[in-house]
Structure formats: structure tokens, C-alpha cells
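All chains are identified by letter, namely A, B, C and D, in their written order; residue positions are counted from 1 within each chain.
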Amino acid sequence: MVVVLEKNVSDKQIENIIKHLEDFGFAVHKSTGIEQIVLGAIGVKPDFDTRKVKILDGVAEVYRITEPFKLASRSFQKEDTVIKIKNVSIGGNEVVMMAGPCSVESEEQIFTVAEIVAKAGAKILRGGAFKPRTSPYSFQGLGEQGLKLLRNAADKYNLLVITEVMESSQIKLIEEYTDIFQVGARNMQNFSLLRDLGKTSKPIMLKRGLSATVEDWLMSAEYILSNGNKEVMLCERGIRTFETYTRNTFDLSAIPVVHKRSHLPVIADPSHATGLRDKVLPMARAAVAAGTDGLMVEVHNDPEKALSDGPQALLPDQFAELMQQVKLIAEVIGRKM
Amino acid sequence: MVVVLEKNVSDKQIENIIKHLEDFGFAVHKSTGIEQIVLGAIGVKPDFDTRKVKILDGVAEVYRITEPFKLASRSFQKEDTVIKIKNVSIGGNEVVMMAGPCSVESEEQIFTVAEIVAKAGAKILRGGAFKPRTSPYSFQGLGEQGLKLLRNAADKYNLLVITEVMESSQIKLIEEYTDIFQVGARNMQNFSLLRDLGKTSKPIMLKRGLSATVEDWLMSAEYILSNGNKEVMLCERGIRTFETYTRNTFDLSAIPVVHKRSHLPVIADPSHATGLRDKVLPMARAAVAAGTDGLMVEVHNDPEKALSDGPQALLPDQFAELMQQVKLIAEVIGRKM
Amino acid sequence: MVVVLEKNVSDKQIENIIKHLEDFGFAVHKSTGIEQIVLGAIGVKPDFDTRKVKILDGVAEVYRITEPFKLASRSFQKEDTVIKIKNVSIGGNEVVMMAGPCSVESEEQIFTVAEIVAKAGAKILRGGAFKPRTSPYSFQGLGEQGLKLLRNAADKYNLLVITEVMESSQIKLIEEYTDIFQVGARNMQNFSLLRDLGKTSKPIMLKRGLSATVEDWLMSAEYILSNGNKEVMLCERGIRTFETYTRNTFDLSAIPVVHKRSHLPVIADPSHATGLRDKVLPMARAAVAAGTDGLMVEVHNDPEKALSDGPQALLPDQFAELMQQVKLIAEVIGRKM
Amino acid sequence: MVVVLEKNVSDKQIENIIKHLEDFGFAVHKSTGIEQIVLGAIGVKPDFDTRKVKILDGVAEVYRITEPFKLASRSFQKEDTVIKIKNVSIGGNEVVMMAGPCSVESEEQIFTVAEIVAKAGAKILRGGAFKPRTSPYSFQGLGEQGLKLLRNAADKYNLLVITEVMESSQIKLIEEYTDIFQVGARNMQNFSLLRDLGKTSKPIMLKRGLSATVEDWLMSAEYILSNGNKEVMLCERGIRTFETYTRNTFDLSAIPVVHKRSHLPVIADPSHATGLRDKVLPMARAAVAAGTDGLMVEVHNDPEKALSDGPQALLPDQFAELMQQVKLIAEVIGRKM
């Protein structure tokens, strides 16, 4: 931690600041420049609140010089984390497609969509059984019946399953059916849920919160990692800004940023990021071009009848076209799909 | 719902759009203007996804003309909701002070702080026993022991208790000790938790999420209300913006905005909104001047030793000064404190 | 314009609202639904301030159903605007590369960079002679001497010139040297400048303001178009959000959004959007995959010595690699570069 | 400047980084901690781009430990700047009211409004003669005729004049009529205009840009100050966020923040910040409670007929009520109005 003192700091204030720093457990080095004095405080713990120093008399600025996350950081682990589930690897050279409907609605629907996405090249079937809907009056999912249908449809077409868990009490049930737990954007800082998922042994996909910085996001990953589960992948799905033409602003720069700061894989979800079907294809291409390790896309055989998020779901033909285009883009940057 | 058609829409497209609207259950009125055709679709349900219409060929824009929340709206209930707990009324003419430490840390600490805030005029004691910390390595609260200490301290000084609930499994335990459940900003869209709190019979204070619009916030209140619990108060605690000098941006305009849109009381939390002690006094004054129904302020007898958020906690003398000033401001606008 | 009345509106209030609307020049149609009355007000002018209606007693909501821009809209002109300058077309099938240093610094520098970018396939040379620097103490550009050097370097390597104009008094001078006027993000709503550029006959590239919605941006384009100059292209260069790992948040979804709303070409600038060299390559690829009509990229022969923005400038080899990759991505979506 | 090195930095990299720092003109101190090496680089110039160091191999983070503004900073000048114009002081103990219509529309209008605001206690008459309108089709102001009317009305009622300047070519004309130049939010980073205003001898009120951080804002003030004009006041008028119920988000915390960082006075404009009349009164009270040095409020004798921004203008009675209330709040915090 670096503590910059005010220009007119008194000797007594300096003494007091150094005493506080030592009481907090730091070793302190003092550097006197022409204009300002700077204290180096060695030994900051990840949970130290730097504002404790910022409020001392005579302190101008405080900089925590270490990242607040550890296990999630690239400096802790140099090699990319590659998550292997059956025959699928996430975080390696292959770009993985996760596709399916927003919600599991019926046997016919999920088997139809599973067949469509499997034929087009998807490896993982997505579909919600418990839905976090903004309105209490909206369809809330089929629950366990939805999980069963999802698993059966995935098995028939040789796909893996990813589905969302909304609360700790659902973990045990969902664990029986899914291959990957999805944590939704609105739960990214539901720390109880993260802690409990950290104690499971299945991979987790952690969606970025609507107003989460990349640092917040990696701190939430740290919650899972520090509880023992090392198989975490991140998912960029748009952040909230002032722009209203799209549902959210798809922050594709987060992909190379995360790859630099962390060893964890990053997935991109253009369906939720844009909220409208005709923006999914160009933004899926852009995500692959930016280096994503996977895509999550909503597909529905009859989007106009969908019980949730139909307007952002691709039609079967559009999905097939998307797969063709993103495969070619993956090849341009030396990856395969 | 109002559906504006594109200028060059064909008769066949119009027919198709009207058919879809009728299939969705709407009664449709068509108005032909000089430049554009507008369809009025009567009978929108709160959970209807307007994007289902937006993606139809020939549609230019869609406006939902009713608010997506109902029980929370001023049009549903004209009179202000006043929440009465023992001898305290929230949402009436009195401006209520909730004060205390960020976390309950020890018997000595919480009794000392309770005495300080009671003497200065606070009616409700705040203090966390389960803490939602961004870092998994930070102090997570004393748990049940903290709840007991908090209750005892409040009882001794004739205060009510407010404390945070982080997950559904904690509700039963916390209900034994608290007078008001607090839902933190990071859980504002933890819909499982909201639903379960809606089934309790104690008042809820719902903090605004970092990136929640007022509409999102009222939708979350609707989750609680629609499950049966009518005693909901809202708490503005800052939103996330690009500005970094303060921890968050305190959106005080939200106070008159909520009062116009909803009948629910609004509390303001200048401690979390600004994140630094020296900004709490001016912003508490501003919140009262803007019409808040209550304040929530962090106070600590020894902030430099606090286990969490010490830098934003007021010292006892500062709190007494704050109480004096906000009382006078409340009087200027015809309220008491 | 659609005016939704409050549920409990009185007959007298309705009369008064209709009278006001008629006084404002609207033809009014009234539709009575089960729950609410909706007035259709036909004939809204682009400059009508809908808040004039919103404040009338009995009005719940007001929706302007027409876009506030006209000449810039896709409904006004169906075909893409293609801007032809000598042998270069912007907005057609070709994706155009604009490259060069942030500032023109010396004859040697600009000729060296011009040669590098021309050989790699750029068509347009960028470089600032008048620099809008955040700090008054920073290098402000070479002025007219910079313009001369830029023109000569471009001519030698058969490139077009784009350079920034900061104020109306510079227009005449810069017009002698440039092929395209650039309006910087900070001047996007400098309406005097836009008006005066609208009276020139050279193409304009209008950068998006840091907090400009797509609608604001198209309104600024409208200022230029409505003054007579039809050759406007837009440039996405990042918006301001809460995320700090990148300088700005590159809003690539704006590319398909603008293409749907407007007929004007869109350029993307990954150098300013991200602010760091190692993010430029992936985000340039992403922009082409998202459908941009052109790229603007900073290149410097010796970035460590650059007088401005060196850290985001590509090295010559990096630029050559970028050109190779974006060409291949352009081909995937049926365009050439 | 503090340069934190990567954990695994090599000796050769350290040497190279130190060499670069010395070439940039810094004196370098090296501190070796247990986990990381930190370099103190003394002598950073205000215009140094720290990214030049951030991109060097082996560098983890770079912190500029001095503020990029100088003349505007509290550390440069301890005492509050008090701007005296005739019998009015801005930045002292008195809270100053600036009021008037958005635009000067006619002789009758401006004289009527001037009388109203003078009687209620305003000291300064506001009114636009040159209007920066988002739409090219909106009323653009009366120009010089408007300036004359504004001056005459102010003189008759013993008020000062403040009016907006949009471009350098207007400075000379406006200077003849106004007492204070206003720079609008959209021109906050129109550096040419700031530079030219810095050479005048009349006070400047600099409105905060929609997406300007407090640091950006003070940097823009620095442009004016460094060109010789020391009489600068700042004006908070709302920033752009995701919230849409209000036109902008009024960042009242910026008032105590600016007072800590700078010696310049701060004015608050609740009319533009909220955009609706019924929010102006509570937010004006809040601004005074937060410590503003002045208010700018829109008042119109007939807002429904106003040519611009009528919906946010107060009626005469509302303005009188506002003056009464804010006076009492000013007294609570020991100021007068």
C-alpha cells in the first residue's frame, strides 16, 4: 500500500500516521521527495479497508498496490484454467457453443431445440427451470420437471447441461441434473450462494452483474474459488449504461481484460447483452473475434410463443447461419469451434 | 400498450400485427394519422414482454403505457403507507433516525453505541450480524451471537432493531431478534429471498441496488407486497456511476420521485452512499431537505478499530451534531424528528 | 405523440388537456380503454418538448412516437449513404482503414508512419494538428505546419487525409489541407461548430460523445445534414461507464443499431475506446465482425517517444498483423478490405 | 508517481524501467518489499501520460500521486475564492440566487420575470440569448436583441446578469452586456472556448459536463485559470446515468467534494438536473443543505407558453415559496441568503 501525505503535513501528523500503519500490521518505509512525502506500507491483507488510512489527518491519497483477489488472478496461476467435462473442454483452443431456450417449457419444445442446436454444432444445452424474473407475475419456470426434461433432451443428443441456480436450497436438486451451475447476473453478489457453490464439485458459470466492474466480478469468483471449487468460468452478458436502444451495453473489451488479469475462461452471451434477435448474430461474431472462450445463445423453435425472452431467441435457421459464421471467425484467430 | 407502425407498412403487415395482438389477448384500436398508423392495444398484463411485438415486421416502436408494478404504485393506493412498530411510525410526519455500527462486534461496542444514538434521538438501532462482504477474506459478522447482543442493547435503550438478512435460511432466526428486516443492495433482485420475506409479518427495508432504476426497485418491492407483506420501506443508498471521488452517487432526486410514483416510505443512507465520514453530515441534511422519511447512519464509538466500514462511521460527537442540524431542517419543511 | 391519462382523470381535466394539445397545433384522437384513456396527438414537430404535456394535470405519461431526427433516419432515406472521395468509398461494401499517429509531430515522423500504413493497406491518413487536450499543460499540436506535413505525407503515399477541427475559426484553414473533417467526442454537441461544418462541402466524421446516446449522436448529425452537408459518417469511440480497466467502454452494439436507425456509415476507433495498445487488435477484429464500415487506428513508428497517446498506438508490425486479420474477418461477412 | 512492479520482474526489466523513468525526467527511489518492488518516481509533470510507464514490461500498476490540476486545487490556495461583482459576493457566507427564464423571449417576458425574481430576493438574472439546442429545428435564441433586453431588465431591478456563451466569436459581443459568462455543460470540454474565456476579465460559471468526473471538471477550470482569469465558479447540473425518471442525476455530493478539493465556489442548478418543475423545490432545498454557494433556478411568468424548457420553470408563486424555504435552511447551517 502506498500512502501519499499532504504537502503541508506536520511532523506530529507523520508520526501518528506511521503509528497507525504499524498498529494495522504494516512495515513502513518513508520516501521524502521534493514536494511530497510518500510512505510505503508493506504487508497489506486482501481484506484491509484502505479508507482506514485515508481518513487520518495529513493523508492525501492511498493506493492499494495489490489486487484484492488472489486465487482468481493471473499472477497466482500463469496457465489458463481449462475445465474438462466429459468430452468438452472450456478455456482451451476450442470455442464452445452453449445454446437452447431461455426456459424449459415442454417436452416437445426442449427436445426439438436440443436436436436443432446439436445438429448445428453446439456442445452444451442451456435452459432455465427456475427463472429469476423481474416481475412476480411472470412465468417462473417448471422447476424439477424442467430439470428432468432438460437432462433427458441433452442426453438424447449427446449434449452437456447448464442451468441456473437461484438459491442455496436448490443446489442439491439441481446438482443431480446439471453439468454446470449457472449463477445469474442478479445473484453475482449473493455471497451466501457463492460460498455454498464453492463447496460443490461441479463447474460454475458466473455471469457478470449489471453494474459489476471486472474487479467485483473476479472478487465474486474468488468467493467460489476460496471455498474449494476451482472450476469457475465467467460470462459477460452486458452492463447497464445510459444507452437505451439495446437492453444492456455488451462490454466486449472485458474479454481481453479478463484474459490478462485472470486465468479463468470467459463466455459471452449476446442474447441477453443486446435483448433483440437481430443484434445477436453480429455481436456473436464480434465476441469470437474478441477472443471469447465460448458463446451462450438463446434458440427457440417458435420464439413468438416462448414463455420468456422469445424476442431475443434465434430461429433455427438463424442459429445455423450463426454457427457457420463464428466457426470461420474462430479459424481466423487460430481457434476451432 | 401503444404500437406505432412504420411509415411504409403494408396492409398485409398490419393485418398480421393485429392478429398477433389479438392472439396475445389484446383488444385493438387503430388510429390512422397523416404520417403514421398507431394501434392501441388494451389489456396489457404486468408480465407481458413488449419485445414480442417490437420484433414483428412493420412495427416501429412499442410503448407499454401502464407501469409494470401495481401494488407498489401510487395509483393503486393514494394514501402514504405508514408503518407502525411499537411507538415508532415510519412514513408519517416524523423523520425517523436509524443509527448504529456497520457490524455488531462485541457487547461493549454495541451497548456503548446504542446508548450514544438513543441519547441523541435515534429510534432504531442498526447493526449487522451477517455481513455481505465483497471479499471472502473479510469479517463476516458474529452471527446469532451478534443478533442477541443487538436485541439486548436495543431493549436496554428503548430502541427498535433493524438488521440485514442475506438468505432465506436465515429468516426464521433473524425474525426472533429483529423488528425490521433489511435487504441489502446486492440482494435487491434476489427474488427467492424477496418472495420468502413477503410471507413474513415483519416490516422490510429494501435497499436500492447499485444499478437499479426506480422502476426495478419498485418491481422488487412488488415481489414482497404480492406475497402478502404490505410493510415495505425503500432505502436510497447511492447508485453506481462513473464518478469515483465518492464511493457511489447519492441519488437524492429518487426521494421525491418515489413519493410521486409510490405510497411506500423512503429512507436515505448517506454513509453508504458517500463512503467517507466527512460527507455524511452535509448529505444527511440534504436528504432531509429533499423529503426523506428517515435516515440510516453509521455510528461507531471507535471507528478506527471498527471491523468493517469504520471510515464512513460518525464519531459520537459528530452524530449529535448531525441530529441537531437535521431536526432544524425537518422543521423548515413542516416535519419533526 | 401518445398521451396516457391518469386512471382517475376528471372530465374537466381531459377537456383542458385536449385544449392545450389543440393550441399546440395537434389533431387529437381519444381512445377509451377499460382502465385508461389514451389520446393520440397527430402532428408533432421535431422540436416539440413533450414535457409541456407531461406537466398538465391528469397526464400520466407522454410518448413521442416519432424519432426526433429526420434527415439522418433510415425511414427518410432507405439506401445506405456512400461517401466517395477520390478513389475511396465509405459506407459501401469495402471496409476502410484510417490510420496514423495521434498528433503530427515532425516531418520524419509523419512520412515514416504514412509509408507504413499505406503499405499495409490503409486508405486514409489520420493525424492531429490542433489537439483538444484535457490538460492545458499538454502538447497542443503543430497547427498549420502540422496540416502541411500531413497533406504532403498523404499525397506522397496516395492516401486521403482526415484531421480534427476544434472551432469554427479553423474551418477555412483546415479545409485547404484535409479531405475529411473530424469532430471530436468532446465537441459532439458544440452546435455552433456543427452548424458551420454543415455549410462546408467536405465530408465530416462525427465522433460519439462520451455520454451520448445513439439518439443524441444522430441529432448532432442532423445539425450538419440540415445545414446542407449530406456527407456525414459517425465514429464509435467508447462511452463512459463505471468500468475503469479500460479507458472507455467500446459500445460495439452501436454499429448494428446505427445501421438499423440510419443510413449513415459508421466507423469504429478501438484505440481511443480501449486506451491501451494490447486491446486494439482484438477490438478491431470485433468491430469488423460487428459490421463497421471502417476502422480508425493509431499507429506510431516510435510510440514511447510520442508526444500524445503513445501508449495506445500500435507498432508498425502490430498494425500489419491487424490488417491481415481484419481482412480475413471482413471476407467472412462478405465484405472486402 | 508510484510504479509497482510485477512479482516476477527480472533484474533486466527493472533496469530498463528505471532507465525509461530517468529519461522521462524523474528521480527514482526503489523500495523492495517482501512480495513486490515499488519505484517512487519524483517530479511528475501535470501533462505526463502515466500510460507511458504502464506499458513497459514488468510494470504491474502506475499511480499518479499528484492531482493533474494545480491552480484549481485547494493545496495551491487554502482560502476560498470569493468573487465580488458590484454588491454581490459569490463563494463567501452568503448563498446567492440566480434566477430567470431559460431563454429571453420578449421585452415583456424578461421585465416581468426580472421583477418577480428581484422581489423574491434573487441577486442575478439568468436568461439565454444564444441557445445550445439539441435539435437544429428548435428555437435558437434572440441573439444580440436578447442580450440588450436582458441587460435592461437586470438594470431596472438592480440585478446582475449571467448568460451563456457558445463560441469564441461571441465573447466580445456578450462581454458588453453580461456580468458573468456561463459555459454550458456541452461545452465544458470545448477547450478553445475555455482558453479564450481565460483571457477575458469577467467571471465565468463553468457547468459540469453530463459525463464529467469532478477531476475533468476541475481540469476544465484549470484551462481558464491558467490563461489568467482567476474568477471561476463551478455549477453542478446533473450527470448522465441509467436512471430515466429524472432528466439527469443531480450529484449533490459533488458540492462537499469540490469544496474539499478546490477553493472555487460551487453553484447548483436543480432545474436542469431534474428537468421537471415539481422536483425543483425539494432539490433546491437539498442543495443548500449540502452546502452550495448559490442556486440557479428557472422561473417563467407563463411556463406553458415558454419557447424553451418551460416544463422545468417555476411559477412566480413557487419561486417565492422556494426562496422562503431555502433561506431558512441556509440559516440552519450558519449562512444567509
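Methods note: a contact is a pair of C-beta atoms (placed from the backbone, for glycine too) under 8 Å apart; a residue touches a chain by one contact, two chains touch by 3 or more.
Note that this is a predicted model, so its numbers are computed, not measured.
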**OP:** Average the CA atoms of each chain to get its centre, and name the chain whose centre is farthest from that of subunit A.
**Re:** D
Original post:
Which integer distance in Å separates the CA centroid of subunit A from that of subunit B?
Top reply: 26
**OP:** Express in whole angstrom the distance between the two chain centres, defined as the mean CA positions of subunit A and subunit D.
**Re:** 38
Subject >> Distance between chain centroids, defined by C-alpha means - subunit A, subunit C (Å) >> reply: 31
Original post:
Counting only residues that touch at least 2 other chains, which ones in subunit B make the list?
Top reply: 211, 239-242, 244, 278
Original post:
Line, ring, star, complete or other: which one describes how these chains touch?
Top reply: complete
**OP:** Flag every residue of subunit C that touches subunit D in the complex, lowest number first.
**Re:** 20, 45-47, 49, 51-52, 54-55, 68, 132-139, 166-169, 186-187, 189-193, 195, 209-211, 216, 219, 222-223, 226-227, 240, 275-277, 304, 308-312
Original post:
Which residues of subunit D touch subunit A in their complex?
Top reply: 2, 4, 6-8, 27, 29, 31, 33-36, 38, 40, 42-43, 60-61, 63, 65-66, 75, 240-242, 244
**OP:** Would you tell me which residues of subunit D are touching subunit B in their complex?
**Re:** 211, 213-215, 239, 241-246, 249-257, 260-261, 273-274, 278-279, 282-283, 285-291, 325, 328-329, 332-333
